[in-house]
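Once you've had a glance at the structure underneath, I'll fire off some questions.
In order of appearance the chains are A, B, C, D, E and F, and numbering begins at 1 in each one.
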């Protein structure tokens, strides 16, 4: 991720502005301007690393005074205690920028780690199925648009870093006709026809259905993917099978947590989407520890 | 919260920019421009409400086309199924703005609900203590600077809405001398003296200590508050008692989760701080359901 | 278009900042502060109207002092001399904001008018074909990502207002494998397989091909849409036919201008894309004329 | 143009934000992260080069990963097929940034090329006049404030690069009393007197006139430059002559296109202004072609 | 000044962001949310009022909760104790926004008051001259580009409000050849010729001269205005007279303070410029006093 | 100050945007693009240096074309004529960026110099007191929130550079209960109790009092610091003594100028605050002089 977008730079700026590192009275008072220090950024828990370049960009806000050397790359799995990066530079600036850098890393690794864990669970459950009776691939786990406001790009990047996939990035990047659209549009067929006429030709037409009847209606009207919303048990199994039969992408969604994954893997939809991948991923525990400090000439 | 800061307005702008509501092909295609709708924003779980004015500000981005009428105020506790607000306006605009509005509400209510639950747990545990043997008040639960980057102001507002308190807002709003400062500053006494000289006179001097010896050193050097970092068991109990004796504020911090609260209440420190209040609060489940839709003249 | 995005508001701000209306010495000097005026915004040429809400947003920068009343809506065709809107308010503010408002309208109507004219030409040519021998619909004319930097959203909106369609909105909103990708990816099949694995499931896989051989390779590897780049004559005709046969979307692109449209309509590809719709559309001629001016009490 | 203003940096940011290079699914999928490439930016038509530093700034958004080496400087005339610059770096980043860079170059070269061509036409026409009977210099061709919103600075830079001149940069950079001002101000003399009193002393007083009578009124009231608006034929010739006699700058404006230039050169006004230089200049055709691609260690 | 520019809105946003009104712990703690108040904004010294609309814009950041009613308009002279405006609304919001509003008013009135006082001094001195022996008008007092960074537009507005004039607004709004230009350009004549060729025709050519010899050189080369830099005594008198004779604008500049004005008025240059009008104007003393407070239903 | 915050970068951007260096017609016209120059930034008066890194950041906006080498560091006292920094680079860019750089330096040095002078006066007066009869330290001189809007961070930095101290940085960084709060809160005791409950535990409770009676009330209710507002003579002396007796911080405020400092030093309050340190500090006189200019190859 050498390409940090203007939006992410703006988010870093916001993070610094809200923390006021330039009026860090504790560091200004207790640490002389000519004091340097070295330290390590350490994973305090096992995690999937994500955000090495973002932390670099935070420390670069020192105007080049801080040297930041990552010891691992995004996408790598680290054990508790592993070193993520080494930093050195003026002690004041290091401490003034520490918290924003760790806050970015903590959340990014948190999301990536959850994506890794949930994807792993799906694969494990799929591998436990009899080889003849399982689909060719485990279902693809994807995120949603339920990301933290301001964090869409980073949340989706962390999901990919964790090994899961992205659903549409934004409203321009996919067609997904939901229940509220149907109420306003006057039905499944009208909605699909209109979407075909207006949407860019590179977008598939996906529609949310909540019953087998609605699924049939959608298939008849040319849906190219069906989001099976909050369906359960046999109804869900029938719906997934029906989509497979019709050669239409099936997506299971609605209240999917870790506990539901194994059963869904056995069911074999093409896609499973979960907002909890991003909106409720707990932060990973990461710290910066000084190892040495000295006075510069 | 009638006063929405420029930073929060900027965050709303970022949330809209990243979701591209103006190129929402699904809504543009399936819903005629003259279609109106009414709907309700509903709590799908019990929660402490937070963010009513932020959601209003999101819908105001329609240029006044959407009418948004809250049914409850920030700080109120709602049951699952309760209505948060009613909305009406052009169906396209409603759907294009729905997700950012819900994403803000979901996170804000999530943080406020955790703050409420944890504060309640502390009070319950304190009330269960023998009246004579308990401190005059339960410990004050406060947040930290471990907030989602870009969300400092909103996270801290949600914590207050949940009934917990704020630790320092930013680096200019408090003095807190930590382990890394001590490494670079050359010791407890030097750090406290320097802080007294430089920091604004309205800031108390707080210092992080990890042992009883360090605590004594801090008290001798004039510390006005002591953060007891990752202390456990009897050592922690002694440290809290020592602070009380010295008439210095005691703050317990380090890996505090819900499970630890009851025991800490019995211990009776002045303050308990927890980053998990903000950095790992799960999102609350909130939805927008259309109730009616019609064609305007 | 009641929903004006933060990006468009930012562009309006940039347009005002670069024109310095608050230091408009001509108006400050020649017009007393208490002078009001009425005027009309007039189409000086036949055009497809686009941008009524953007001009409104420019005049709203007066802080509500200016009354702006559109006489026609976006998407309407106007004759030369027709009134677009009436404005009234302080004469100084009207003149200070006139140029940015007209600059927006001029470009938006320019793009919409070209989109209308080119779409009309395609339809006329298609209608002239023998009913039995023509495709069920004329080809869909779409734009590209060759928009004026900063104007992506507005340019694409103007194209839709002119009756043409949008190609992908941005890099996240579509998969389009081009020649340079193939050089770096190591061939058509590898590229398509990788795209299938990574891209959101709502995106079709489109690939640019420059020969019939490459087209066959793409079809064999599962392409869902083929951009026929700079193909001409019989090769192009064969390619279009081959796509139709394979039930894959065909897109003709590369140097398409007005003169090429009629022949392409006869050829019958699904989609024709042209950067000139946006990057070279001439500005429409629109003016603001004062009709009356008076001193307020 | 080593000095890129904050506004232009903001425009580049907007161009990147709207194209979402960090979620370029095509490149992310088809090109491994360790793939490098080299390529050339090529003029596909004869043009006046403009924007070399802007394209550099776009590629610098890769955080230094891309090497960009211009082969020619702004202001140089290139033949079709000429190389503008060489680029090399990670293939993903190159492709993700290609379009914004080309969109800037295309428009800037388009404007500069039109400015060059029109200026050349004026000079050719002037040189064809009998040496004794022509003015000492060809008329100066200048732009107007009819620039693309957000592009004032770049459009005016491209005009200068093409060899034409700038009219006032913005409302603070010149006094130009137009018809609408006169309606509100109460006449030519009042307007000129007021302008003399208020405007900075470094600004000349220019006034738009539409008849010989109004021109006389303006000259009598002390106008220092006269914009002869939409005058034609003998009236225009008389007006230009009258200005020359009065030693006042004459500017011809109103619907000036390439076809009008030769005749105007013969007429000999001091200045000719044309909005079409900027608002309707067609984009130049420029492409990026990969020449080589390889895997890095 | 109903037209508040995007830049000034951004400055207001910055002023609020830096003061953190949304985390105003004093007001949040001490004042209940349902407490309203009324108050007056009062001039604590005699002053020229400036900034009434800016203060309004600050209070509007309350989202309409605060009612702000000015009692006087920009450009009016107030005595100490006079009321500038009345405010009413939620007491919390009033107090949270008070300081930014007063900081804007204080500086704007400070600059306007100095401009008024200095302009008045010039006029008094001029009126004291014998009617026959004085120039037709007092010299025009103008500002410079020595404004507070970020405040150019507001500082220049305050100068005009105080009755003085503006020098060029920015580098695009005037030509002023200074000593450093001459060193790099190779002399007065070359510089003036080049400026004539490149600068917009609406800009006069002004040049800074430091001796009578240089003044002659400038006049010979076609200067249209001469800045007489740091000249004193007879040399200055001769220079002013020489400009008058040559019908060229004379501007006196360099270390001009209040004490110098009377003598300069007698000398009679066309223009006197002083950076101290803006860069060193003391702030005016303005306060907000609550008059009443009550609990709302 | 190697850490320049996003807000200060934004202020530099605003300063450049408002001065339009990229359309500096004087420099564009008179100086060839290949002309280089060297120059010195010189103190034209004795001053306390402040802003060396800010000026560097301004010149860095040239994209690295300008070399800027400071000769002294922030916090150093310079005599008139001393060199602050040397610059070299393209003459055009140097001149286009000169004014913003000097405007920053002028104000920052102006504030720092005043802070130095006033602090020095306090110390001189304190040292003149009989050793036995004076407090252990001179009063601490601090600033207020009366800073130039947009300049809070820089103004407070300049105050520190001048040797004075900061009062609270913003509304989140301190509790200060003022007269208007008391009107709305219902009295001293209620306000202090509420503040204790809500404010972060790291903030001391300070309250403004205007009489000895109110001071007693505040002390009785647990105030930790008292701002003695506009008290004079014996009343003030009694109030300071009473605070000392009660071991509560005393702050003298209200109309404090240089003339008042000596008497206040004798009185011996802990803190003296003055808005005039920032809001009315005159600008320091600093210039850029070219020393050499040459043509590059």
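By definition in this document, a contact is a pair of C-beta atoms (placed from the backbone, for glycine too) under 8 Å apart; a residue touches a chain by one contact, two chains touch by 3 or more.
Computed from a prediction, not measured in an experiment: that's the story for all the values here.
Common neighbours of chain A and chain E (chains touching each): B, C, D, F. Any chain bridging chain C and chain D, meaning touching each of them, is among A, E; the list is complete. Note on D-E: across the candidates B-C, C-D or A-C, the interface recurring with over half of the contact pairs conserved by residue number is A-C. Interface note: chain B and chain C, two copies of one sequence, contact each other through mostly non-matching residue numbers (shared numbers fall below half of all numbers used).
Superposing the C-alpha atoms of chain C onto those of chain F requires a rotation of 180 degrees, given to the nearest 5. One inter-chain figure worth recording: chain C and chain E are separated by 44 Å, centre to centre, where each centre is the mean of the chain's CA atoms.
Chain B and chain F have CA centres that are 33 Å apart. Centre-to-centre separation of chain B and chain D, using mean CA positions: 51 Å. Averaged C-alpha coordinates give centres for chain A and chain B that are 22 Å from one another.
Looking at chain E, one finds that residues 7, 14, 17, 20-21, 23, 25, 28, 96, 153, 166, 169-170, 172-176, 198, 200, 203 touch two or more other chains. If you check each pair of chains against the touch rule, the ones that pass are A-B, A-C, A-D, A-F, B-C, B-E, B-F, C-D, C-E, D-E, D-F, E-F. In the complex of the two chains, the chain B residues touching chain A come out as 7, 10-12, 14-15, 17-21, 23-31, 35, 37, 39, 91, 94-96, 98-100, 102-104, 106-107, 110, 145-153, 170-181, 183-185, 190-191, 194-195, 197-200, 203, 275-276, 279-280, 282-283, 288-290, 293. Residues 140, 142, 165-170, 172-176, 198, 200-204, 206, 225, 249, 251, 270-271 of chain B are the ones that touch chain F when the two sit in their complex. Against chain D, in their complex, chain F makes its touches with residues 13-14, 16-17, 20-23, 25, 28, 61-63, 65, 90, 92-93, 96-97. Residues of chain E that touch chain C in their complex: 1-8, 53, 153, 156-157, 160, 166, 169.
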